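Chain naming follows the written order as A, B, C and D, and within any one chain the residues start at number 1.
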Amino acid sequence: MACASKYSFHDDYSEGAHPAVLEALSRANHSQQNGYGNDEHCKEARKAIHKLIGSDTAHIYFVPSGTSANLLSIASHLRPHEAVIAAEPAHIVGKEGGAIEATGHKILISPGINGKLTPEHIQSAFGRNTQFAYQPKPKMVFIANATELGTVYTAQELEPIAAICKHLGLLLLMDGARLGAAMASSKNDLSLKDFYRLTDIFWIGGTKNGALLGEAVVIKDPIFGAEFPYHMKQRGMLLAKSRVLGIQFGTLFKDDLFFQIAKTSVEKASKLAVELVGMGFELWKPVESNQVFVIFPEELVWELEKQFDFFVWEHLDDGHKVVRLVTSWATLDSKVEELLALVRGGP
Amino acid sequence: MACASKYSFHDDYSEGAHPAVLEALSRANHSQQNGYGNDEHCKEARKAIHKLIGSDTAHIYFVPSGTSANLLSIASHLRPHEAVIAAEPAHIVGKEGGAIEATGHKILISPGINGKLTPEHIQSAFGRNTQFAYQPKPKMVFIANATELGTVYTAQELEPIAAICKHLGLLLLMDGARLGAAMASSKNDLSLKDFYRLTDIFWIGGTKNGALLGEAVVIKDPIFGAEFPYHMKQRGMLLAKSRVLGIQFGTLFKDDLFFQIAKTSVEKASKLAVELVGMGFELWKPVESNQVFVIFPEELVWELEKQFDFFVWEHLDDGHKVVRLVTSWATLDSKVEELLALVRGGP
Amino acid sequence: MACASKYSFHDDYSEGAHPAVLEALSRANHSQQNGYGNDEHCKEARKAIHKLIGSDTAHIYFVPSGTSANLLSIASHLRPHEAVIAAEPAHIVGKEGGAIEATGHKILISPGINGKLTPEHIQSAFGRNTQFAYQPKPKMVFIANATELGTVYTAQELEPIAAICKHLGLLLLMDGARLGAAMASSKNDLSLKDFYRLTDIFWIGGTKNGALLGEAVVIKDPIFGAEFPYHMKQRGMLLAKSRVLGIQFGTLFKDDLFFQIAKTSVEKASKLAVELVGMGFELWKPVESNQVFVIFPEELVWELEKQFDFFVWEHLDDGHKVVRLVTSWATLDSKVEELLALVRGGP
Amino acid sequence: MACASKYSFHDDYSEGAHPAVLEALSRANHSQQNGYGNDEHCKEARKAIHKLIGSDTAHIYFVPSGTSANLLSIASHLRPHEAVIAAEPAHIVGKEGGAIEATGHKILISPGINGKLTPEHIQSAFGRNTQFAYQPKPKMVFIANATELGTVYTAQELEPIAAICKHLGLLLLMDGARLGAAMASSKNDLSLKDFYRLTDIFWIGGTKNGALLGEAVVIKDPIFGAEFPYHMKQRGMLLAKSRVLGIQFGTLFKDDLFFQIAKTSVEKASKLAVELVGMGFELWKPVESNQVFVIFPEELVWELEKQFDFFVWEHLDDGHKVVRLVTSWATLDSKVEELLALVRGGP
């Protein structure tokens, strides 16, 4: 099948998998394996992640999608009356089709800043939602790293978030759909060990970092962890051939492939950002991972749309547009150059 | 990775995918595609299925697992107070972790016969559940073809089921996790056109018939069909790289690969059944697709377990065991022979 | 408003409340009280129940209906993947509109005997539902006392049920919609202290024993107990004027009114049963509380239906009918006599 | 039982029922009636409401609480992926324990103005939530009249709301917990006929306007209307003795009692507001029904709290407090005077 007519910076899931992942799938294809995550490949992938997070006891499961990772994390850790605090731009708030509410839980929205929550946001959301009797009880905080807006948490930001969560009796869930990109950020000073230490549950995104599909959920609580497969099965998330997920994560966490992929991806976004700023364009949000949100005049957007595919994220009041450009391991340098040349040329 | 130490007749998802499927994934890997099922591969696969079912208008979607296909079919077609009638051994009743109930719907259980429902079962379940006021309202009938016990519906059986459903105002859902095997049955006299005509919603299983993962859901109602992706997203079932599913189904429905795979699978089960009956063993259920349920003495089971992996399905009162042997496209003839030789040798 | 044209033995909720209850509502009408169960009347009613169950620490709440008591008890005590074992004729199975499933939980059905479960039923249901991986996890046992069929648990029956629940890690929930009638049974040898000791959660029915509406839920677990009002609010069960429930239960548990009401109710059923058996009619179920299930020839049923209202519960194969006659505190002795005379007269 | 030590302006549900309601309950107490809403009293109350709304065909049901009315209205009218737009201060957003989310539906929050939505708010919320694919689908608009902040909709406001809902394919639900007070407002120019014409479903609050408990839900759609009792039963909201609700609404809608009660209630609030403004205090929100939100200095609040019970609604940045004073049919004029005298006296 031929490439689409326009080159796409629309997202980081336009291509298939990193070639090494496909090769591994082929190599293991004919071995017989147990179903439902009890295969040797999942075991191996778990072992690799255990090493990276510095724990032998964490429960680790592989699920097919980011939304499934989020809804399972929340449904398995909360009682019906408990709610989750999230920043307004968070993926679970407006982009997952009401997936969290479909499990019965309310999301308590905080404005956040640049897609991130601060301890003050958490304290304030907690306060507002425990002011009257019988409000839904705040019991969890949801953050994403990188955030929906491409920003990244530093140690100085995440440590006090973890602290206030403990103080207020809140669980901390970190969506890592783009955790690879976050960790490849020049801003990042946190390791997988840190994420495991600071959160109650977090997940590592495969889909947007080299896999065909799949996210790895890491659970600290031993009881919630042990019972997680019941939830996976109940929500239709437990693949018979979970080997497909195990093989992919096993490959990604061998020889640092996961981190190399992320590095490539972030470098391309950095290049885009540096060049665009150099040309005098304003960034809508700081570029910290593999997403560039840049403000373009409308005419330029029209021009670019003739040759490229991308997301117009916001329509600003002055007629300017916020354009989102996403890079991945598969983004072609030549296409980055072409795009920049076109921008340089102007509308 | 080496094969497991014992050869497995445990299920039809022990291996990866049919090699043609993997090749197709590799071939298409670098093309850029839209996410969430709007890619060229899904379109192509839909086109192939449209042709096979004889309808251009049916909505077709690709979901990652059988449980997800079932729960989405039910949640998208029923109102909260509506319930689904199913045979006692049906997968949704006892083997999907309460997935249907987790969407809020009750399953009304009918004993059925050999895993199948008859019009009499449906009428009786309907009657019992509309006897008192405010019982959950029966609104759908669930059947599987092949059933959980490997049996297969004929036209003479399915036509009156469809008729009584219409008569009673019930929707008909057919789980096709093993529809390939059902259609390859010597008993089968129904086509995909028939299944589309006779049901309101049915799905075609990929996972157990050559794919790495994936089931194709076919929806007749135009409104429920158009809104289905909302439900997929809401339940975490909408893969960003849905191309992975589209490519697989496109491959399976090219040059009849899907049906060839099923044929191979059913032939191996038939051979097993014929030989075992020839040796004097009793079949627990008629062997009509790719599953053999055979009654073995306990000592023989112990002997076989040394070299083979399989499911002991039931423990009969006389000490005999019901053993389930499942075959697939990947089952090795040599292993079938080894198993039969071992049985012939006796305990 | 005049009485209905036919006198009703249809149920035990055909009339309003015991007069003492209405008087108490009037007496307290103008006092100002806190809302949502924090009023003096609820406190007083709790105190009375605390004394009767022999615990100062149990959490006690008042909810408007039996179905709400059941669904709240289950939703507040189970995690999403956990299921509840119940006897086939249990009210939650077929007569509550799928209320339990609407909270996401599966009911695992056991045949039971005469509406009751035995330890063997529980063990067997537990076994069948932990045989395969990812079946919904049994975590609670539901019994009703009196049962849907009017039968009553003795100490010799309930003690081993409580024991096996503990052994298997199952919570025990007792529906007490007709607990008054059960305790007034000549068969009963259990006290409210016993019910509190033997169960994890049980409720005392007001609606069918002298109240306008209301059931008192008694919870042992201190955390589940403390958080119960969140669930009540979330399910719309927390009445602003909960005083209405508190006043009623306060009245019922003052001077043993609750038990006197139940005694009257059961005596009338006993009389009916004794007389009917004396006339040679067969009882369909043993009459142990305030419900009489008796087998009548069809012609007699037609005759009775001219003057009385009652439930035809089952249509037996031989043309006979099972008729349910229910008595209450309000049942008129003269009408019992009229009914018996009519039966004596024959069709 | 004595009155509480402090007189309460905390809410409009501190007392029992209007005496005429209690008398009617006593009068009808011994008549035998069908259960579950099929009694003569419910029929009579429905007839009265039918007359008031100018329709013989609307389905009308009586439920025990406001939260139950809201969650039933939403769960019975929406499909799982559909969401409801509401103003930020709406009761369903933050004060019902996540009741709507517990039925699986997301609430899409609009800021609103003074607790009300305008067509612009609805258009904007609709736009924001249909901007990306797979956002939860807006399908209903929730308004309350009077609002949570005591404001009231005029014809000039409600007509265009109804129009834009139709235009955008949105259902319109009106919460009438305080509909009596709204209709008694000097601002009101709408009748029950208008509310029926302009909404798809609305409910008339009894609890806060003279009843012990109960709200009357009025449904326009004939199918949703006919199936509503299934939902009531499934959510535990269908009282066996629904007569209790029928008798109350029958009484309230006889001889305009409902409207007289509301009138008294609103007059007392108006008096409070006029006097407080006369003393120079600022109202936080316009006083249009039976709630007064007034800004007091902190010291005055402390002083008042010694003798009166009320809600401190907000803590303003300058140290002032927003105090909510609620009046009802039962509010004593002498206490209104006492309160005003105390305020006049100052801290």
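The definition used in the following text is that a contact is a pair of C-beta atoms (placed from the backbone, for glycine too) under 8 Å apart; a residue touches a chain by one contact, two chains touch by 3 or more.
The chain lineup, named per UniProt: A, B, C, D = Beta-eliminating lyase.
This is a predicted model, so every value here is computed, not measured.
Peer 1: Quick check: more C-beta contact pairs in A-C or A-B?
Peer 2: Ranking A-C and A-B by C-beta contacts puts A-B first.
Peer 1: Going by average Cα coordinates, which chain is farthest removed from subunit D (Beta-eliminating lyase)?
Peer 2: B
Peer 1: For subunit B (Beta-eliminating lyase) versus subunit C (Beta-eliminating lyase), what separation do you get between their C-alpha means, in angstrom?
Peer 2: Comparing mean C-alpha positions, subunit C (Beta-eliminating lyase) is 42 Å from subunit B (Beta-eliminating lyase).
Peer 1: At what distance in angstrom does the C-alpha mean of subunit C (Beta-eliminating lyase) lie from that of subunit A (Beta-eliminating lyase)?
Peer 2: 50
Peer 1: Centre to centre, by mean C-alpha position, how many angstrom separate subunit A (Beta-eliminating lyase) and subunit B (Beta-eliminating lyase)?
Peer 2: It comes to 33 Å between the two C-alpha centres.
Peer 1: Could you list the positions in subunit C (Beta-eliminating lyase) whose residues touch two or more of the other chains?
Peer 2: Within subunit C (Beta-eliminating lyase), the residues that touch at least two other chains are 80-81, 96-98, 102-104, 134, 136, 230-231, 233-234, 238.
Peer 1: Spell out the residues on subunit A (Beta-eliminating lyase) that touch subunit B (Beta-eliminating lyase) in their complex, using ranges where they run on.
Peer 2: Residues 1-4, 7-8, 10-11, 13-17, 19, 22, 25-35, 40-41, 63-72, 96-99, 102, 207-208, 212-213, 230-231, 233-241, 243-244, 309, 330.
Peer 1: Flag every residue of subunit B (Beta-eliminating lyase) that touches subunit C (Beta-eliminating lyase) in the complex, lowest number first.
Peer 2: Of all residues in subunit B (Beta-eliminating lyase), those touching subunit C (Beta-eliminating lyase) are 80-81, 83, 94-98, 101-106, 109, 128-129, 132, 134-136.
Peer 1: Would you tell me which residues of subunit B (Beta-eliminating lyase) are touching subunit D (Beta-eliminating lyase) in their complex?
Peer 2: 36, 75-76, 79-81, 103-104, 133-134, 136-137, 227, 229-231, 233-234, 238
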